[in-house]
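Note that the chains take the letters A, B, C and D in the order they are written out, and that residue 1 is the start of every chain.
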Amino acid sequence: MNVTDIAFWIFAAIAVVSGWRVFCTDSMVRASFLLMLSFIAVGLIMVLLNAPYLGIATVFMMAVEMMVMALFMVMYMMNPAGLNPMMMVHQHRFSIAAGVFVFAALTGLIVVTRFSSNPVAPDAEVVVGLGKELLGDSMLIFETAGVTLLATMVASVILSSRSGRFGEADTGAVPPPLEPGGEPAGRQPEQASGHAHHHH
Amino acid sequence: MTLIALTVAWVAFLLGMAWYIAVLDGLWAAAREGRAPRAPLANPLYRCATILRQQSNLTEAPDLLNWRLAPALYAGLAGTGVALVPFSSASVLADLEVGIVWWGAVEALTVVVVFLHGWSANSQLGLIGAYRYVAIGLPVMLISMFVLIAAALPAESLAVPKIIESQRELWNVIRQPLGLPLFLLLGLSLSFRGPFNYADSADIAGGTAAEVSGAPRLVWEFARLAMLTAVATVAASVFLGGYLGPWLPGPVWLVLKTTAVLLVSVGLSHQLARISPSRMMTLIWTVLLPLSFLHLVWAGVLAL
Amino acid sequence: MTLTTILIVAAALIGIGLYGTLSQQSFVMLMMGLELMLNGVMLAAVGFWSLTAGGLPTGQLLTIIAMAVMAVEMAVGFALITAVYRNRQADVTEGLTTLKH
Amino acid sequence: MALTGLLTIMGTIVAGALLLQWVAARARRDRLAESQKIPFLGGSAPNTHAWQRFHVRYYSMTLLFIAFEMEMMFMYPWAVVYVAEGVKALAEMGMFLAILTVGILYGWREGIFRWQ
């Protein structure tokens, strides 16, 4: 076992254990940063696999995404810090069984399959290769990704922004009732949306 | 052996530069108040001793693990930032092929660490600092990435040593004049000083550090200074040619350039006024980001 | 570090992610499960690229596309959660019953 | 291995900083009274925990940011081959950035760079 192997096993253990702890911790902020830790460990494994660019880029992309994830946790969770522990799960046994089954099936497949060995040369200029690919044969993929990202930006702004051109986005919104067919429960958006001048 | 020697050298460099920034800050404060500075060189050390003698504060039910980890990780990230920079053409601690990508990761992780620091105290003012910092820290990152990518164009590489070597004839600060000022703004944001002090400002009683005293506070304040040092070291290498220079040996040039960049940064942080976070966010997206686009186009056309 | 071990680690991540996706009630935690599955997929893709594809550039591109999918999923997912929350104040999957009636 | 130096300096500094905090905590035996642990609010007593649902007023910006930041993934490899590929690289990235800039302009027009 050489240094690379030891490093791989450490990173792999971090990735799997922190990925598992995501669903066990009560604190939502901890959960999103545990997921980030899992991504960072996978990124470092990628560096070991001769993909330094992809690995390090995973680290920064995921750090940003999990930061935003943590913000949304605070916005949408009753109890973002897990001060009173709770499990919010459904079909729990089925989910565990599905997860274990998929892992076992994949592992079985992996163990019986024989993979051809054609490793990347240690001195290969992988970033240059990626750049050439982006600007050459895969140019259309690259530009399509641009359009896709534009569509994402526009869609997420339309869906999430409150102050639209046609008035506030939550005008007329009704919270769900506690019982089916009952009275709307919780905050009434009309009263809280800054239209106090209607009452004059 | 070289690994250990370089690590020790970089940690010593960080400590020395942190002391230097603290001295500059003291001198600046004295000049603003129109009084003669008292023991300006020893003052940072007195301050260290004072903080260390304090009791470490605790709050009700904090996230203690993250609260103690956040300052340590922040300082560690600053350390990995300087590790990318070579002292001379032969000595680089982290010889990463994708150095400036790692620098991007340092910026992103800094936002995470500062948020955690403000979050884990379970105190209102700390959280306000944390939320504000994310609003500014995220978009500022884009600007610095554009600026660094522009510097990578003539070097045809993402490694910091190659970017330095590409400046043998002409430093990037002349070739790409907008780069250094934009990058210095990032430095102020990463160590939240002056116009970019949205995390630890006085209007929220110290923000993320409002509840922090004793050794954790010492580590936190050191980490802020170390992060500014890391930014200055990277700036000195990417825009001012790093260890390149006539007559003197490489490491001396690097130290000289870093101290000069730090002097300018500290000056900016004491001179510029702060605006409200929402205005700053608009300013970043609508003024600074287009400026960095412009900078990239300029660098691109020049590199053809 | 062989391809087999890498793929088993990836399979473990996918399994845990699937568990999270199926079991979590809250929208945001459900997305964490999806992300964890994509994490495993990315690891497997880079493993194949590095050890059997001989460094074919398109293999790296595949990973980047997976990452882009993740970014799109997050941005649109959170935007949808915001829209749903704004209109119905629902933050768990059980809160959405429109399709049942 | 490229990671060795990076992880060494990170480990050294993080371990040193944690050690300092631990030693300082061990050296002082006096305990804080519970009343001293109340979060600082300029003298007034907090009536809620700080950790609760919070309306982060720039959430739309963060979503736009996630989508926009993806473009960095394409820009780094582009920068490496830029000189070799020449005008073609400039044109392709110009187009890509122009497409994404439309998104930023749209977001600006919808007012997402302000507090919502």
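Following the convention adopted for this analysis, contacts are C-beta pairs under 8 Å (C-beta built on N, C-alpha and C of every residue); 3 or more make two chains touch, one makes a residue touch a chain.
Remember, it's a predicted structure, so these values are computed and weren't measured experimentally.
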Most remote chain w.r.t. Chain D, using mean C-alpha positions, is C
Most centrally placed chain - per-chain CA mean versus overall CA mean: D
Taking the mean of the C-alpha atoms as each chain's centre, how many Å separate chain A from chain D? 15
Quick one: report the Å distance separating chain A from chain C, using the average Cα coordinate of each chain. 6
Compute the distance, rounded to whole Å, between the mean C-alpha positions of chain B and chain C. 33
Averaging over Cα atoms per chain, report the distance between chain A and chain B in Å. 28
For chain A, residues contacting two or more additional chains: 4, 48, 52-53, 57, 60-61, 64-65, 68, 71-72, 76-78, 81, 83, 127, 130, 132, 134, 145, 149, 152-153, 156-158, 160, 162
Listing for chain D: what residues touch at least two other chains? 2-3, 49, 51, 54, 56, 59, 62-70, 72-74, 76, 79-82, 84, 104, 107
What are the residue numbers in chain C that touch two or more other chains? 64, 67-68, 71-72, 74-75, 78-79, 82
Chain adjacency by touch: line, ring, star, complete or other shape? other
For this entry, which pairs of chains touch? A-B, A-C, A-D, B-D, C-D
Complex interface listing, chain C residues touching chain A: 1, 3-9, 11-20, 22-29, 31-33, 35-36, 39, 42-43, 46-47, 49-55, 57-58, 60-61, 63-65, 67-68, 70-72, 74-76, 78-83, 85-95, 97
Would you tell me which residues of chain A are touching chain B in their complex? 27, 29-30, 33, 36, 52-53, 56-57, 59-61, 63-64, 66-68, 70-71, 81, 83, 127
Within their complex, state which residues of chain B touch chain D. 3, 6-7, 10-11, 14, 52, 55-61, 68-69, 71-73, 75-80, 82-83, 92-98, 100-102, 104, 119, 121-127, 131, 134-135, 138-139, 141-142, 145, 149, 152-154, 156-158, 205, 210-211, 214-216, 218-219, 223, 278, 281-282, 285-286, 289, 293, 297, 300-301, 303-304
Interface residues, chain A side, partner chain C - complex: 4-5, 8, 12, 15-16, 19-20, 22-23, 28, 31-32, 35, 38-39, 42, 45-46, 48-51, 53-55, 57-58, 61, 65, 68-69, 72-73, 76-78, 88-92, 94-96, 98-100, 102-103, 106-107, 110-111, 115-121, 124, 126, 129-130, 132-134, 137-138, 141, 145, 148-149, 152-153, 155-160, 162, 169-170, 173-176, 180, 186-187, 189
Given the complex, residues on chain D that touch chain B span 2-6, 8-14, 16-18, 20-21, 23-25, 28, 30, 32, 34, 36-42, 46, 49-51, 54, 56-58, 61-62, 65, 68-69, 72, 75-76, 79-84, 86-87, 90, 93-94, 97, 101, 104, 107-108, 113-115
